[in-house]
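After this come two complexes, each holding chain A, first together with chain B and then together with chain C.
== the complex of A and B ==
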């Protein structure tokens, strides 16, 4: 059934054939006129964003200060706030190349792989209660191209008879083909076709039920047997149209392209019985079924990466990473990358997608480019004297909630005594300590919700931080490696306050907060240890610590 | 934005009432209206408009034959008789004598429920969401929608409390705020009758607890001053509710309830949790769910129902009387719901199996035409022969009874998502 909205849209400007034509032309022209491919990624980003700002007559916010930029960059690239020593050193450095050096150093560190693994795993495996971490960690460390990872996740890896690697992407969803179809469409192509399951897509006239079931057909022969999955070489998806007509679906990609296949025959009852018996045996023997000689899932990878259809795949990963680092995608929602949903910066998206394709789907290249752009390093503050530009212009940095992983680790780094992360430590030992913090941070992280679009903090989180033993024992306990003990033992109050602010907020203190802290500590000076714990609590739970700003 | 209005504390009560009344209207901070609401008479009137819900979740699938749709004398009828209710011509199972007396006063029975899903997991999800699960959209459950529609931004009590102490079926009885976000998630109690993290730790004094929260607010406000983000606001809002919620801990403490009242409800856990539910709605909690497990009587159906239906009869009757006496029933909707009913056929273990083709749901109190019966199953109870309804219509009816437009849209990205599936009609016959 079509909703009234869709009628309105189709009857209105979106449905206007002239408009559609104009759109196509605009995009085609844009493709011809894109900036040269050899431009550095960060320059292309700033060029296109600046063009739009100029067109809209908007002046972007100033660049963030060094401390702010360091915190943001570290949270994004290595998943934690800087230590006080790191923050002070970065702020103090007068090296004009320090930002580039920082990004390159962070991206070469083992913590980078851990952070990207955690974030990618959260996105790829949401709603499955399984993890791809092991696979992702190995792949990201080797910087395996994204198209190869896509192939491995959908078809499987060479030599993974146990099915413990990338194929878990499919295996964890094999019981629910609709979910598998939807998730694969969303995560790899930026397209959610599930609206077209029960009726033709209300907002995208070009997406029909045939598209949905066509996409489903790529996965419909996949089955699970015991702990393994296999793929049959026959089987057609049959569905009911809105008119009640029963229809066999063809193997059809999002673009409407229908794939030709080798003839497949439904086996007779005896053969089916035989097959069932074989599967039972495999299940008993805990063995994986043999690989199909003809795989529909492999066909999906093939067409997804084919010249001409490839932009879906390339644009989806660009938009996904852009969203992660910039706080919103150029196309929102992330799963609605269709031609009725115009990107905020179509040329930039096209340029970056082309760059992805021509650089072997190198995720690092795009991440580095974004992290070095001026757009990335703007302040998140707006003084209010002028109207605040809309978020889709990326004129001001967007305040982003930390992921559970980032917040968990950062809290632990924040409450560690500065000596614990002394600059005398050897690199290995330093990273070991960071790893310990990451491990310890998971306990609290496990109680937090992964932030999606329009994320709202739950009162459960506030209650957990306010009244739980967990938070008290993990963040506010005594100990020589703990910040609270260090502060209590610091004789000069001003010095202690400076230490606290550098440690937790990774920046120099501001007068106003010094006054507030001073007042609080003064009032509770009969119990300095308690006072410091409560002051630390107040800082840890403040918005500044909870968000990447 | 409701959260942006700042009032002195003394005004919070009247403001909450106002917001309750203004739910559904486009809200502007018009102080003249707010001042008018200071009048106690008007405020009281408005308070009555604050709607609430208590959902009694009969987990595992209560038998309609041993509760609200008996088939005495039939081969499938079982050993229990049907008894006359206070509504002429309407009979229910003799295991529910107290409710039989009260149907006419409080309750509508919906008999023609056909939900077509006899699998615990997905059926329970359906009866929580009012629709089938969809892979791409995480729908909020009834409690989360009610929390969103009837809760107040700055509420000092929880919006959604859910009791599920038994372990059987707990994983099915989802509490899911879905795309509405964790802000509307349930305070989910699986152990005991008091929610986690509501009580201040002994190591910190109440004064320190308050003062550190003040310091937190000061630091946070400084940070938020020049930044704009809905997530950031929700973070500060969540913390601003902590102290109020902690004060609501007493609501969960039954020792504050007079002994005669506790005796009235009885000593079972279900009874205690229903009494807490009454305390909660009285204090303004919009949605409370009390789960009672495990009705899944594949064997010994009649013993199981002798125990569980008898308990339900007593506790639900007490709850309805109590709400009525306090003047709360007119704005509190009490619902009984399961994932499905049970087969008319009695199996070899004297049990009844899963059955979703003709079962029953009840709605009592707020917005309900009391004593009404909708739908009819055939003589054996195998199919619905009149007034067939599914999950969506039941949900639409619930929303209508509470004055919520069941066709209202939420938006996820560009996609409009109506509270109930398009074209759904509420069951007018049971609405007041």
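== the complex of A and C ==
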């Protein structure tokens, strides 16, 4: 329930539900006209983006330079900036296949799983104060298909009697069916039906109160008992219409499709008492209730993945990942993927959704495809000679705020002495050190909000990074593993300045920067250690360290 | 939950919203010298003393000595300097200062749980999402309406190193529940009030972010700042990015905060003579009120001092013991010292002080299952608050409740009216409009000014 549709669509010219349905069908049927399914993902992406650019008469920005592309790719795939050595090596390499090799190497590393886990967990469990990290880490490592993860999160995993795995998605929200309904709709189907709770959706005529309560019905039999959840086999959602009429809700999916169910009977008072007693016992014994023989949540998974209704599910995850890697979704807002909110690239969305379906909902495949596209590797700098094209064309890379995970880890990597990440280290040891940085990064950035479209910096954050013991003690302390010590001990000033820029910004220094640094260091020559700490501090707080550009 | 995403970008939103406000009339029509019986524009600051958890109206400001025993409670009522006005016996200092205060006894709203009630109390309206089955889903989100400090900061961005809002000494949060109404909601983090999370009564109290590191002087900070400007400058790969520019603006604000001695000094509680600190009471309430006074002296427009944590005033159990042993004596002492100081410095004339909880408590005394000591439960159909300063006429009671303080029997005033009174006192135009994430316009002043505060008409 949050956002306006694009204004031009408000007129209600799509007001007819039949027409809207026809649109959905048209989108599904257009599959024949899509590019062939065997085209590599990145080629399909660039094809459709180029078509739109040509149509709008816009020339895309140039490709980002190697240092920029490496930083962006590493932030997205492994959640941190490159070390100075990694950056220098990538820039120096003349191998024409180095980008593909980079993406494949990063995606095969354990850090990839950790990064994807952190980001997915932040999105899936937002506002619940609980975490799915353990489950996500195992699943992402095995590259479990997204449809299977969906099933496990909504229905539960085999052999998880303790309910400690995927089902925490439901369990953490079981006290509040409305939140569960809304979150499941948003996260798995890209639609937020909560606007239709109290009245028919004001802007989307195809969503009525019946849809809202129909969706709620999938979760209405879920209850929590002690630390566990269970599901009843009876129970109907009753609601009041705007006219004040009382209605029993049918089990209805977003498309309006109503599911038929085995007849359920409300138990009599005695049976209910008996049931309550049993639950109390379970609660006392800290045991989970037995699984329901008929589960409405299982029916949601079934219809969500059914031929014909599946595009909702597939398009939602495509849009979600696209948003994460490209800085905005093809449909914005992410939770308004309905027929009156036209995607920026409808065919591309349809193609990628089909690709998802035909490739077992392989998240890696899409992530790899996006990361290898030309669209992904454009520079974020606009030369200003022409008007800046709209973000929805993806003609220029969108500057994205780092997530707390990326930011915390990157700050730690930036202030580690280059020797700490020496290229002599064994792969395992290197990764262990990275893991330490990831852990330590939580101290610094753990309390920051997960950034959204409307990213802002609070005074609290600005103050934290302008002046605090935390920054001083964690990022600027002395030690042989710390950058500040390394720089102070480096005899040649020019060499030290180069090291600083490569280490923190993952790129070669610019002349103006060297001059400014030189002046600053000169001015504070009497206290070189302090001067370097202050210089590092200034660099760390610059915009470049806060964003993926 | 997915991050709220809006179909327009932030700048557009600001432009649109600002147009809604500025286009109609200047957002800050400060009407000084207005008729004596209004407070419009008279307050430079507002101090909101929040009694979190909901104090009992019967056992504080609206005693009912003639009510039956199961309603009346253990306390007796005492007279004040104003004939006919009685308050609870454990507010003796307040009774002696009644000439400064206006009590409003006919406040009412509909939210019976802490989270929903706190949102309505601190923003003037219910949470934007319909209420659910439990408290859990109405925790603080970025869909919430902005609180006083945040909306004011949106309309009149802070300048010169003084933040628009400072809240202290702790955030209302417990386990998985974070109380809504404490931040800028949909206006975004940059308008959040600045939150202090330290006990001013702690002898080591300091605000880390404002205490310059050892060996770092203001000139040195300035020098670092200049270097930072170079890295943020034209050569940065982010030059031209709106998002990066907004980071720069906030850093500038933080820098002003750091280098402006006014804020840093305000937090140096050691500057207060021991006798003054004693006068406020050497406890969290008293020292928070003293710090609030210092913040108001420094020019902070909205200060919120929370008296305790989430359930401090939530006296389901041992209502009378808690009130008489700690809560009321500490509040009584702290408020008295505060009012003495504000009056002595003349600041009271331009500072609106509001003391309230998110609701009141049930007239009927009850004992929770499994508990032995009785208390009172949540009650929002009638509660009381104190107002003073910035033109508020002291020595009066506004509104009356029935024989057991359950319902107002005169005009009921709502949180929307309190909200309107506060913004009006700060000089915000009645035409000020905020657009929510659905682009719907909301009058920020969504109620009526509680005019008897100024006119004394309903005494």
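By definition in this document, the second predicted complex is superposed on the first by the 519 of 549 C-alpha atoms of A that agree within 3 Å, B and C clash if a C-alpha of one lies under 4 Å from a C-alpha of the other, contacts with A are read in each partner's own complex, and residues count from 1 in each chain.
Here is the rule we use: a contact is a pair of C-beta atoms (placed from the backbone, for glycine too) under 8 Å apart; a residue touches a chain by one contact, two chains touch by 3 or more.
None of the values given here were measured: they were computed from a predicted structure.
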{"item": "Fit or clash - chain C, chain B, common chain A", "value": "clash"}
{"item": "First (chain B), second (chain C), both or neither touched by A:549", "value": "both"}
{"item": "Contacts of A:68 with chain B and chain C, given as first, second, both or neither", "value": "second"}
{"item": "Partner chain(s) touched by A:129 [first = chain B, second = chain C, both, neither]", "value": "second"}
{"item": "Touching partner for A:233 - first (chain B), second (chain C), both, neither", "value": "neither"}
{"item": "Chain B versus chain C as contact partner of A:462, first or second or both or neither", "value": "both"}
{"item": "First (chain B), second (chain C), both or neither touched by A:175", "value": "second"}
{"item": "Which of chain B and chain C A:187 touches, first, second, both or neither", "value": "second"}
{"item": "Contact residues common to both interfaces of chain A (with chain B and with chain C)", "value": "1, 3, 5, 127, 176, 178-179, 183, 186, 194, 332-333, 335-336, 380-382, 384, 399, 401, 449, 451-464, 466-469, 472, 510, 512-513, 516-517, 520, 523-524, 530, 534-535, 537-539, 541-544, 546-547, 549"}
{"item": "Footprint of chain A on chain B - complex, ascending", "value": "134-138, 158, 181-183, 185, 187, 196-201, 203-204, 208-209, 211-213, 215-216, 218-220, 222-224, 226-232, 234-239, 241-242, 245-246, 412-416, 422-423"}
{"item": "In the complex, chain C residues that touch chain A", "value": "1-10, 13, 128-130, 132-134, 136-137, 139, 141-143, 163, 175-176, 188-190, 192, 194-195, 208-213, 215-216, 220-221, 223-228, 230-233, 235-241, 243-244, 246-248, 250-251, 253-255, 257-258, 437-439"}
{"item": "Touch list for chain A against partner chain C, complex", "value": "1-6, 68, 123, 126-129, 175-179, 183, 186-187, 194, 197-198, 329, 332-336, 380-382, 384, 399, 401, 449-470, 472, 510, 512-513, 516-517, 520, 523-524, 530, 534-535, 537-539, 541-544, 546-547, 549"}
{"item": "Chain A residues within the chain B interface of the complex", "value": "1, 3, 5, 127, 176, 178-179, 181-183, 186, 192, 194-195, 202-203, 332-333, 335-336, 341, 380-384, 388, 398-401, 449, 451-464, 466-469, 472, 510, 512-513, 516-517, 520, 523-524, 530, 534-535, 537-539, 541-544, 546-547, 549"}
